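Okay, so chain A shows up in both of these, paired with chain B first and chain C after.
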Partner chain A sequence: MIKLLIVDDSNIIRRKIERSVSVAGLTIVGTAANGVEAVKMFKQHTPDLVTMDLTMPEMDGLEAVTALLALKSDTRILVVSALADKTTAIEAIRRGARGFLCKPFTDKELNDALVELLEFDVR
Partner chain B sequence: MNEQHLKIFVDSATHYFKHLSNEPAAVQVPYLIDHDESLIYDYTGVIGIAGLYKGNVYFSAPEGMMRYLLTTQGENKHTPEHCLDVVGEIANTLAGNARRELGSEFLISVPFKIAGKPDMMLLAKKSRSYAIPIQWRFYMAVLVVSVEE
Partner chain C sequence: MKTSTAHARSGLSKYRTIVVSIALFIVFDLGVLVMNFYISSQITKDAIGVNLAGRQRMLSQRTAKTLLQLQNATQNSGDVEKPLEELRKTFNLFDGTLRSFNEGGQAVGGDGKPVILERVDDPAGRAAIEKAFAVWTPYREKLQPVLTGDVPARVAALPDVVSYALANNVQILDQMNFLTTALEHMASAKADRLRLIQVGGITLALMNFFVILFHFIRQLRESDAMAEAARRETQDILESVSEGLMLLDRDLKIGDQYSRSLETIFNRQNFGGCSFPEMLREVVPEKIYKEASDYLDILFKEHVNIKLVASLNPLGKVHAYFDYGQQSKYLAFQFSRVHNKDRKLFHLLVTVKDITAQVMLENELEQSQKQAEEKVNMMLGILHVEPPVLREFLDRADRSLREVNDTLKRYGSKRRARDDQYGQVLQDIFPIVHTLKGEAALLELALFVDKAHAFEDTISELRGRANVSGDDLLSLTVKLDKLMSDVQAVREMVERITSLKETFDPAPATTEAASVKLPKVASVAPAPLLASDEFQRLAQKLADDQGKQVSLAAHGFETLALVGEAAATLRDALVQLVRNAVVHGIEVPQERTRAGKAAAGTVRLHAKAAADGYEIICHDDGRGLDAERLRAAALKSGRWSAEELSGWDEHRLRGLVFESGLSTAEAVTTAAGRGVGMDVVKRKVEALGGHLAFATQPGHYCAWRITLPGVLGLDQLGFKAA
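Let's look at the complex of A and B:
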């Protein structure tokens, strides 16, 4: 079983990801509305995969990427954000995120991005 | 603020609808409004602009449109918080595309969202603002671009 944690301050985006994920073997273990909650949930569930929003209160997504990877460096993090500028994407990747999905996204785009992330280590 | 700048905001808003629903939104004829005119629906997402240009850009929509967008995304909960989340995501898209396309002359704020109708929005005083009606399915929303040098 591959464990997925969803992090986004938008309730509808969290629920949309929950509904949309249809990758075999992937189980959603929790959702968090900001970076602080994400760290707490991460410690409880040690997920393998995280979808991470960037613009969030309390602790933003970039800080959360750093915090989660400090806890478990092989965690695969997919940044899911409307901030599609090159600088933000590069910063997310520099901090250790392994993928970037731009909002708004379709179910297929989400699942394709998750599959790509799962195959990341195999390539 | 030139036509190309306006087009970036309009394209961002219409792209959101097309991408989520496969049904493009129709842009109606834009018009100018004064700083003391109130043009606002039930839910509004606002981004602030600073730097060489100053002002704000907001997308305001009736509750019906927000509910229909929720349904389109498979969401069966239609609370005011959910409607706010939708308009917040539209504002996020506007902010994200603006940061990517407009360059460093525009400093784009984190979006904020408003439920209900404030007495008025703070619009640019030195120049008139652009109001761009956007129709999606049966609903009419408005994109207001209020920026001055």
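Let's look at the complex of A and C:
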């Protein structure tokens, strides 16, 4: 079982991701509305996969990426953000996030991104 | 691909040649060595043979000599033991050695140690041995009794042996001589052969060397030629490819090999060794440069999927500036990772394309698409308005815009107009544009509302400036031009729609034709202008925009017999009043509920004929005119000081609604906020000889009353045009 944590400050996006995820073996273990909550949920569930919004209150996505990777360095983080956030997305990738999904996205795009994240092996 | 297999093949054959030539070298050398070893050991053996053969000569003579000594001693009764002993030794040595020469075997060497002799096969040697044996065998027989027998036997045998020895001694010596010579010949023949073999081996080795040398030189030339051809091919590609190509190392330095197009694209030369980010920095904005630097960083992070990397490329389409901003181009960069044989990332291949033409084309397409869309929107935007109404609007818009134009021209032509004069221009044209916007909003002509609003924006912005110059007015002229051409475009469209209608539906054409004969007022009879449903729509739209609920009721307008300027003025005034009522008066539903009112506000428009003319009332049940809000707005305008305002009573503060440029709205929207309105309405109503007044109770209502004189001059009624 692969555990997925959804982090997004938007209720709508969180629900959309929850509804749309249909990858075999993937189970959603929790959702968080900001970085602080994300870290709490992460410690509780140690997910393998995290979808991460970038602009959030309390602790933003970039800090959260750093914090989660400090907890478990092989966590695969998918940055889910608007295209306008490209600079921030690049920064997130520099910090160790593995993928980038542009808002708005279709169900297929989301699932493809998750599958790719799972399949892409790190050399 | 082709070259690489060719390379592999040449490499393999190169190795094969080396292997073969080394093998040959070893074989030759080993052969020479083995032969050398074998023959030299033979020569050593031969030397022993020669030596022993020489000793045989000496032994044959000693045998004879000791025999004579023995005979002498026997005759003279001397010591016989010593010569006898010597004879025995000599005999055994000679006999053993001869046998060994004959059959091969062990013999006693010159130093007394045993040596192995090979059977002599040389014909000359063989003959000498056989001849020696022929003499030696009887000699041997005769010697036996001397060596082994008792004294009498020895004495008896001695004379015969001595005489045989004397007779044949020379013979044996000769044969041993022949043997020696024969063995010497053999040895020297072998030495000759050895030399021959050595010379042959060296010759072969030399030949091998030359073959290899020749071969290698040829191969070197071939691979040089191949490398040169490959280099030239690469060069040709780099010279002719239209994209800019370059390789970056880990330090992001540009490699020495890059395509010629790169120079054309970047308007410079000598890229080799330059830093790519620095080069980028010179031509793109700082923000893009920073983004690109971060991006290049993740390009070298191999764990990041290349597909992901490609999707984040910030340089996919960048606007680059050259020659200090003199020239600009759109460039598209692409990055690929180049791995070496160990699958280690060691280069980035950068492809740069000049996509200016493409982008221009795209923009053009977009532009024309937008224009087409605008036309369609324009068309859709006017379809809901009756053509006669629209025409009237257009006429008025035309007039208003021309007025604005004239005003601008008037001041623009004064080369040295004073700054405050420009301020006056702005103040003059602003109400005109504002009114136009109001009318457009009433007819729901969104296109004109937006354009007029944008125009207002520009004017407001200029009014806010400390000093306005003639050049600033230029931007207004441009906007005005656009508005005028829009009016023209809509007019054309209206004509087309009308003619289309006439084609399909000839009945209205007669009305249209009839109207031509009538005075203009008839054709533009503005009854619909005052129709309550239009005001309802306006109120509804304003309320929706503000998140408010409102219902508008109008009655009594059918009794009004106003046309032309008067109708237009009244219309403007009513638009402004309704707008004011919804935007400023009516509160949002929550606020109304809190105040104990119905969530939906009410606006009532009422027209009636009065004794001395007409009376039109606009009443809303909103928050009324709040003196304090007006005071705050007045303070914000900066026209009065706090001290000045503090001395004003409520009545005077309420009077501020007629001041130009004062607004209590928090933000400027198309609906309100510029603080233009009531002053204009007041001026216009008064121009018609009318009067504008209001009554209010804060928190409950606000009502405006317009009174118009009953008998307006024919001019004002619009008959002048006829």
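Heads up, the rule we're going with is that the second predicted complex is superposed on the first by the 117 of 123 C-alpha atoms of A that agree within 3 Å, B and C clash if a C-alpha of one lies under 4 Å from a C-alpha of the other, contacts with A are read in each partner's own complex, and residues count from 1 in each chain.
By our rule, a contact is a pair of C-beta atoms (placed from the backbone, for glycine too) under 8 Å apart; a residue touches a chain by one contact, two chains touch by 3 or more.
A quick note: this is a predicted structure, and the numbers were derived from the prediction, not measured.
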| item | value |
| --- | --- |
| Superposition-derived comparison: chain B or chain C, residues of chain A touched | B |
| Partner chain in contact with A:19 - chain B first, chain C second, else both or neither | first |
| Which of chain B and chain C A:94 touches, first, second, both or neither | second |
| Partner chain(s) touched by A:116 [first = chain B, second = chain C, both, neither] | second |
| First, second, both or neither for A:104, with chain B first and chain C second | first |
| Chain B versus chain C as contact partner of A:10, first or second or both or neither | first |
| Touching partner for A:86 - first (chain B), second (chain C), both, neither | both |
| Touching partner for A:73 - first (chain B), second (chain C), both, neither | neither |
| Intersection of the chain A residues that touch chain B with those that touch chain C | 86, 102 |
| List of chain C residues in touch with chain A within their complex | 290-291, 294-295, 297-298, 301-305, 307-309, 311-312, 314 |
| In the complex, chain B residues that touch chain A | 16, 19-20, 70, 73-75, 77, 81-82, 85-86, 88-89, 92-93, 95-97, 99-100, 110-111 |
| Parts of chain A lying in touch with chain B, wherever the complex brings them together | 10-13, 15-16, 19, 55, 81-86, 88, 102-106 |
| Complex contact set, residues of chain A against chain C | 86-87, 89-91, 93-94, 98-100, 102, 116, 120, 122-123 |
